[in-house]
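By letter and in written order, the chains are A, B and C; residue numbering begins at 1 in each of them.
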Amino acid sequence: MTYYVFTLVFFLFDYFILAMGLNIQYGAAGILNFAYIGFVAIGAYFTGVASLPANTLGQQYILGLGLPFPLNTLIGGLAAMLLSVAVALITLRRLRTDYLAIVLISMSLVLYDFCNNFVSMFNGADGLYNVPEPFAKTLGLSVNSFIPFFACVAGVVALIMWFVMSRVTRAPLGRTFRAVRDDHVVAAALGKDVFRMQLKSMMIGSFYAGIGGGLLIQFGGSFNPTAWLPGETFVVFAVLIVGGAGNNIGMFVGALLVETLLIHLPAFLPEIPGHPGLIEYFDLAVVGIVLMLMLWFRPQGMVPESVRRAASFGASERPDGEADDLELGTPAAPARVAFESGDPQ
Amino acid sequence: MSLFWLSVGFGLVTASVLTIAAIGLSLQFGITNYVNFAYGDFMALGAFFTYVLNNQLLHLNIWIALTLGSLAMGVFAVTVNHFLLAPFARRFPTTHYVLIVTFGLSLIMLNVIYSIWGADVRFYAVPITVAMHIGPLLLTKNQLIVMGIAAALMLGVHTMLRTTRLGKSMRAMSDNTALAMTSGIDTRLITTITWFLSGAMAGLAGTVLAIDEGNLTPASGELFLFVIFAAVILGGIGSIYGAMAGAILIGLATEISAAFINPAYKLDVAFVALIVALLIRPSGLIARPGTT
Amino acid sequence: MSGAGLLGSAQSVSQAVALHCEGITKAFQGVHAVNGAAFEIPQGQITALIGPNGAGKTTVVNVLSGAMKCDAGRAFLGDTEITNWPSYKIARQGLLRTFQLSRELGGLTVLENLLTAPPHQAGDSLVNVLLRPGSIRRQEREHAERALHLLEVYRLYRHRDTRARELSGGQKKLLEMARAVMASPKVLLLDEPMAGVNPALIDLIGDYILDLKRSGVTVLMIEHNLNVVEKICDYVIVLAEGRTLATGRLSELRENTEVVKAYLGEVMDAGAAR
């Protein structure tokens, strides 16, 4: 029983991380990344090959560094980030939203195809397995005690990553992302390098995808190419939309509602005899329907994007101007505006 | 050398399937100005409609089943547009929402197809035909029929766009929807007709893809989707003639390359072509005005 | 462009030029929107860009601000050639612009709209966000202080925490200007700052523009209303069919050739009809 509960807890934290990464790309910067799961997969694979020893029987892969826990996952995150730079250089400069989405989804399918076929890099369709469980040997954890332990590790990682992400979204950087999303022509007219900003949000988001993927492969000990078909990206989008695009706390709520309740809880239901996989198929269709209902009836999500209030900047408060509503009263001569530069005398 | 000509034959067949699919996708994109990410699943569902008529219910001849299945798919597409996509497109000014909805529709359709027909590989009841030599090419009668369908469709769409009132209205809407509306074109009707044609072509393409590949699974349309995307982007998105040109190029390139490299990578060739096209000429071979 | 410059022979001797362009040409699908436009904008003055609909006024502003690339011609901001630079680089050089139809950053609050504008923000760098939160907080406080003052002046203070998409049309117009001012521009291009607003607001915006001039900002504004032009603008550039038809003071242009007179009459009629 605890095994099931902590499995759910792990997926809650992991998808919280994944959704935060997609949120900085789509929710903040407006990049419709339909290849998100590809970055998760790259993170998972590189974490895997960074932690596996140089040689294991029956598997083919690159690197084989045998690195311990935080380092291997970090390599996964950085690998995903590097891939995002390459993708951004090709796609972000000139493409409108739907072109970008097309190229990204194609890329996701090709990566899938490539990893399936290119056995010497990532072991082909079998995927990686027997990836070491972090700390399991040093702490002497059994199979049963590893699950709760690693769920807690994921919780700590998620907490740190939430702290960092909330700093980014609150900072001028997050505001500039949203400015680019709302109107990139205006953002450019205000001196923002739109491409650089989108590149940054792709990199940050992909790093999160990579870390989330790294935790996934270590939790299960294996990672299989079928886990990253485009449908999986859609699940992360569902988490994001249900939670509330643009809000980090919303990502936690979304992960709880979609990933834990809708995706993983039904997986514990018994199979219907004679219909293998029916529950899973049905379940994914329900996720799609829930997302559409949500988009129609509550597009802002469960926890809508919050704004940063003037009071939070620590600037001096002023009394609300009476002349604010111009339609009332005749306008008086405006007060002199002070400038940082451009004053002739 | 015979391997080369063999793959040219395969290439022509793949190009035919691709052309049918690409015209359907491009036609709808030109009118509604958003991409239908569920198109691959439209293809799969159409193929299964045909399968039901051909193998499960009426045991119709494959070519009759194909016709009826495609028409059913056209009706399905109109329904989906009317109750799902059009409301979203009208309500939200940015295309993000409707793109996510088509993406979600893809997931729903795929899993519904899995729920009904399962993951088993299935086969049409197709009369077995012998291959014959046509010049240096070696083709079966079924493959020739597929190529014939594609050629007829290209010619038909061309004639429709150039000579009929419907075709001219579609071109006007594709150039400028608002202007078309003010000049008295019933844009809703045109949109509905376009969805019907797009859906029917998806169904047709899905079925001939399954005939060409010799089998049918729920996911086959989805994996084929990006090859269609590659063709459409290479040709210039929204341009029907671009879609035809791109489809023929990609179809030939993937199959002919399979004669020289590991055939497992033939899809990656399409992707490389897509990337190169994007880097060199992002607006496509035949650019469509007003879509920068 | 003749060598005489904007001011006629007598006054032009010591007048510095903030922005000038020569031979600007831009065609859309073979139709020339701008065809060899050339003019100089004097430093620290308010210049009006007038002309009939389709004269290419907005296209010129789009080219000068980098929103569009021109097919031929050159543009200079001070001594720096800015021809076909991307718009963010032009903005960083101190040339800011507003849009004819206000383009607010709808999901951001009114205050956040202004806070987006200051150039060279430390907080736009990820490294700073992670490692120097203190200095970002200080800079943000300074910017917020100035932004709130501007909002007070532009009568938007009460709406500081409102999402910009919820503002009224007139308020969006004010926000558009305040946001450009927040970027501390050297040269400000205003694309019809008074289009579609009520008469009281027209006077108010006129005062704001005069105030900008007093602070040393060079202003180029597209304007149809000749009463406004007469009241606040120092110089006028007349654009017709993508070319510079005449430049000078409005009073001088009024006494200019028959063609110009006829043209100004047409604009005045149009202005009166609005």
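Of note:
Keep in mind that, in the parts below, a contact is a pair of C-beta atoms (placed from the backbone, for glycine too) under 8 Å apart; a residue touches a chain by one contact, two chains touch by 3 or more.
Bear in mind that the values here come from a model prediction, so they are computed numbers and not experimental data.
Separation of subunit A from subunit B in touch steps, taking the shortest path, is 1.
Measuring from the average of all protein CA coordinates, the nearest chain centre is that of A. Ranking all chains by how far their C-alpha centres lie from the centre of subunit A, first place goes to C.
One finds 32 Å separating the Cα centroids of subunit A and subunit B.
Measuring from the averaged C-alpha position of subunit A to that of subunit C gives a distance of 40 Å. Centroids of subunit B and subunit C (each the mean of its C-alpha atoms) stand 48 Å apart.
Those residues of subunit A whose C-beta lies close enough to touch subunit C in the complex are 164, 167-168, 171-173, 175-176, 178-179, 181-183, 185-194, 197, 200, 204, 246, 305, 307-310, 313-316, 318, 320-321, 323-327, 330-331, 333-345. Those residues of subunit A that touch subunit B in the complex are listed here as 30, 32, 34, 90-91, 94-99, 101-103, 105-107, 109-110, 113-114, 117, 229-231, 234, 237-238, 241, 275-278, 281-285, 287-289, 291-292, 295-296, 299. Within the complex, the subunit C residues that touch subunit A are 44, 65-67, 86-88, 91-92, 94, 96-97, 99, 103-109, 111-112, 115-117, 119, 121-126, 129-130, 133, 136-137, 140-141, 144-146, 148-150, 152-161, 163, 170-171, 174, 179, 181, 183-186, 198, 200-201, 203-204, 207-208, 211-212, 214-217. Those residues of subunit B lying in contact with subunit A across their complex are 34-35, 37, 84, 87-88, 91-92, 94-97, 99-101, 103-108, 110-112, 114-115, 118-119, 219, 222-223, 225-226, 229-230, 233, 237, 262, 264-265, 267-268, 271, 274-275, 278-279, 282, 291-292.
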